[in-house]
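Next come two complexes, and both contain chain A; in the first it sits with chain B, in the second with chain C.
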Partner chain A sequence: MSRPSAAPMERAPFIAPRHRSWVIRLLRHPTGAVSLGVIAIVCLAAAVSFVWTPYNPSSADAYARWLAPSGAHLLGTDAVGRDTLSRLMLGARVTVVVATVATALAAVCGTVLAVVGTFSYRVVREPIAVLIDVLIAFPTLLIAMMLAASFGGSTAVVIVAVGISNGVNIARVLRPEIRQVAGSDFVRAARACGVSKPGILWRHILPGVTPVFIVQLSLTAALSILAEAGLSFLGFGAPSASSSWGRMLAETQKYVTAYPLAVVWPGLAVTITVLAFHLLGDALREVTDPQLTRYDGTNRAMRQLRTLVGPR
Partner chain B sequence: MTRFLVVRLLNLFIGLLVASAMIFLTLRILPGDVAQVIAGTQATPERVAAIRTSLGLDRPLLAQYGEWLAGLFRLDLGTSVVTGTPVATELTQKLQVTFPLAALSLFIGGLIAFPLGILAALWHRRVVGRAITVLSITAAAVPVVWAGLMMIAIFSGWLDILPSQGFPVAGWADPGRAFRSLLLPALTIGLIEGAVLLRFVRSATLSALGADHVRTAAARGLTRTRALITHGLPVVGLSLVSILGLQIAALVVGAVVVEQLFSLPGVGRMLVVDVGNRDLSKVQSEVLVITAIILIVGTVIDITHRIIDPRQLDNEAVRDA
Partner chain C sequence: MSLVVSGLSISIGGTLVVDDISFSVPDGQRFGIIGESGSGKSMTALALLGLLPEEALVTGSILYQDRELVGLRDRDFAAVRGDQIGIVFQEPQTALSPLRRLGAQMTAALRIHYTLSRAQAQEAAIDLATRVGLPNPESIVRAYPHQVSGGQRQRAAIAAAIAAGPDLLVADEPTTALDVTVQAEILDLFRRLSEEGGTSLIFITHDLAVLRQIADRMIVLDGGRVVEQGSVTSVLRNPQHPSTRALVAAAHATAWKRPEARP
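Then we have the complex of A and B:
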């Protein structure tokens, strides 16, 4: 059976096994390295907070209320005299947990929905397609609020809501990609060689969609941190006693006109972390997309800089 | 075209039905119980059971779901079991705040996104273009709460020119004050949505700049800007119509947070209060109305896209073949 030569719309075949090298290329990518650095700092702050914080983050001090940033309190203190930096470090734990668990949940949900929704029998496939279309209309916040109406608010509600809504989104993005890879010649070849269906899925199809997948994961992490901030502010996220960044924003609401600086820190923490995940997503897209890999770890500006400095 | 319309509307109907079933199941199968909430923590089990019977909560789930659906077809969204007021009346009243808020936010977002996005694409190698891009990426990472708090700190704290809390009791009978109280909230959502939208406008414009027909127009003697305006922008506009559908969901989410922050009596705030009260029957109707709005707007945008974009007809022919 002769097939017409490859259609021009087909994407470049996944020939070169780049799995080992994209991590290194990411580290050499300027924004990739910087955003990874920021994320590492947040994780480190969360880890260090278990053994050390500048002050006890929950001890109130009536004589140290609303202190401006100084050598003693690097980011100042809040309404009851708690050290802001210490609380931010404690809040980083919530952020790290929410981002990690919610992203993992979304990854599993998304992959299962996409794979089952592509390869399963028609009676399973069609309902999944409808389900994905409908769930897209439920924003994370709405899912979280429904769960909160039943269970009451908690960090778990945030995680489940982000996991479901972003899992559906990942499935929606992944499905056409999987279909495209599944239709390519090397998958046909593998099938002709007698590779089992799970084997084809695991060895050939899933690696083919990895670039799109990890970019989506990075964006999911960013969205989960934003969702945590919003939901904690509304009172459906972290419990009121905790030091999550969203709770800290909610607490400062009353004092925003009197002490605007106190509002700046938690908001800045959220923004910088979210930005880091966004930029990581962009960098990952450049580094992992086989069609974009003309990237050799340097960019034009860097090369110009090198020529100015002279040859090494 | 007729076939497309029928299929699309049928899809919308099925989507609404599935959404209503999912909302109902999420809110009923899970353990929270309205009867327990109404009776209070001190109530005897008998009292709770009596309330449950009077509300019809002891009947089979399918019967309850059927009753709710039948009510929806009569535009009856049920009554709040906590306050006893009909949900539909309250919802229409609250929409008078939320709808103008969403419209104003979208307008501000568009006002930011379109000129700056096109500029960022035209000047994508210059400093200004890059600065716009960097700013938009940063603004898209800002949580809505924080943007709102900063707006309050700047415009009502420091400059003291705009109100930060509440909505006039007279409502739209006092249009000037009503508008002023919506301005800061709308600016908050508009800035962030505008930043998100800007990235779409920029990449759509960039791809239009590289499109063959725009290059041909430029080769025929038009300047690059002119070629973009006369030949490229219509295509950009079309691709953005479909993006707007996705932004509606973001507007709803923004409205919930912002209404809480600025104490606006809108649908979002109502939902937050009802979720806090665990008024499940009310929450279920409200969530369905919000989802329905998102789904219906999506369908309308899809259909409009199909009508105004002649290329879609070709796609349809390809897909049917």
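Then we have the complex of A and C:
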């Protein structure tokens, strides 16, 4: 009778290597950390704007029109003498709200469409597949304009338009991923242990598509900010009284030749924030990909170094 | 009689992949199913657990402990899987989720069919790891599949299959993907598990040399039909069907390469 102890041919002793969660790996990822920092600053600016801004962002001052950046007005003032930095901080609120709510809406829409469109009965599944293909053909902007035509332009319209169109996009990306995980051997093995279908969804399929999902979410956030700016610029988004980065662009673009800096600030704010979300998406892709992180290294450079130096 | 399969046919998309097969496995017996690639072995195994692809059409009868399994609703079948019938698949590389620790995967069946506290589950995982001969059970249950070897993964998959103490264990080519020395160890493990727990075993392979080390009785499948059946020794000594003869010849050709655990 053979012993139930370690078999001679297998490499003992076994020591489980450290397995870092992807959150920690993200914080140690160079572009991941920087983009998270940028996003944190935007969120902080929005939060602080509720209690403090350098000036009252809506008080006009006829004697302080088009001031260049200075100690008093760090980023200068606009056509009616309002402080640009204060208005940017106020605009960050809109950006944060739009990015958060639109992304959450897209996440819910996308997951529900993808899951129902993969696992439900054929009579439900197939119309959803068609619906996804049809809705994909409508750009976010078109959906927003159609909504704005019937409900009037507002931030809510932007959120709904971005949420729906990106939700559909997420569903389109997730569906083949879900199908692949659902058809994998380990799902069959889990079913063979008696795991129910909802259990499979919860324990295996959703965790399996999480990397793709969170990358899509960060891209959705980037797109939603861009869409909000674009739609506000065109007059479909935030009402003119409010201060969103898109509105600031719309208000200042007439004077771009005379006061280019006034356009640069909101433009930079949009660009940097959108870029940060894109880079965050890339970083997330890297730190959540099991193929890239299987040796628990923090990044590729470290791993290459380790191969050069040899096994520890 | 523990398992009685009679007149089982499976068709997928109009093609008959299993054609009217019958066999029975009494309690505690080790039974072999052998056949060339594509002869319907895996389909038969999946039918026993109700895991065939949705489009598969099953007719005939699978009686397990006097209960009819053909036509059982998926929800009712889930109560049988893992608890009464367990299965080990061919590919240890892919049979475990890359995202979950070995311990959690080994105790899945236990946690579904019984109520366990976290500490009890942890204890059960270590106990299972010990039973299937995994080294350093306390730490290996916290490892992820990519951190252990192929043979260790297969041991973990076996642990997952036997966790809730099924009375029937189906093994679908569990050693094919492993190298020869590890193969012999895994065969030993199966033999030991079935002897210790009185578990019936259905061992599927295309290798007679493997089968004769583990099974008492066997059927030979060819093109979805049973072409030969009987005790392993008698079939080996006097193969009737051409496809059995081919398998015997193949087994003889490789026999000298195989360090046999036991004749």
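Everything that follows uses one rule, which is that the second predicted complex is superposed on the first by the 273 of 312 C-alpha atoms of A that agree within 3 Å, B and C clash if a C-alpha of one lies under 4 Å from a C-alpha of the other, contacts with A are read in each partner's own complex, and residues count from 1 in each chain.
Note that contacts are C-beta pairs under 8 Å (C-beta built on N, C-alpha and C of every residue); 3 or more make two chains touch, one makes a residue touch a chain.
What you see is a predicted model; the values in this text were computed from it and never measured.
Colleague: Of the partners chain B and chain C, which touch A:190 in the superposed model: first, second, both, neither?
Modeller: Only chain C; A:190 stays clear of chain B.
Colleague: Between chain B (first) and chain C (second), which, if any, makes contact with A:222: first, second, both or neither?
Modeller: first
Colleague: Tell me which partner A:208 touches in the superposition: chain B (first), chain C (second), both or neither.
Modeller: It touches chain C, and chain B stays clear.
Colleague: Please indicate which partner A:98 is in contact with in the superposed arrangement: first for chain B, second for chain C, both, or neither.
Modeller: Touch status of A:98: no partner.
Colleague: Per the contact definition in the header, classify A:142: touching chain B only (first), chain C only (second), both, or neither.
Modeller: A:142 contacts chain B only, not chain C.
Colleague: In the superposed arrangement, which partner chain does A:274 touch: chain B (first), chain C (second), both, or neither?
Modeller: first
Colleague: Taking the touch rule as given, give the residues of chain B at its contact with chain A in the complex, in rising order.
Modeller: 11, 14-15, 18-19, 22-23, 26-27, 30-32, 137-138, 140-146, 149-150, 152-153, 156-158, 164, 249-250, 252-253, 256-257, 260-261, 271-272, 274-276, 278, 280, 283, 287, 290-291, 294-295, 298
Colleague: Going by the contact rule at the top, pick out the chain A residues touching chain C in the complex.
Modeller: The touching residues are 1-7, 9-17, 19, 184-197, 199, 203-204, 207-208, 290, 294.
Colleague: Would you tell me which residues of chain C are touching chain A in their complex?
Modeller: Those in contact with chain A are residues 49, 51, 74-75, 78-83, 86-87, 89, 91, 94-100, 105, 108-109, 112-113, 130-136, 139-140, 142-144, 146-149, 151-152, 157, 160-161, 163-164, 181-182, 185, 188-189, 192.
Colleague: Which residues of chain A touch chain B once you look at their complex with the stated criterion?
Modeller: Those residues of chain A that touch chain B are 130-131, 133-135, 137-142, 145-152, 222, 226, 229-230, 233-236, 246, 249-250, 252-253, 256-258, 260, 263-264, 266-267, 270-272, 274-275, 278-279.
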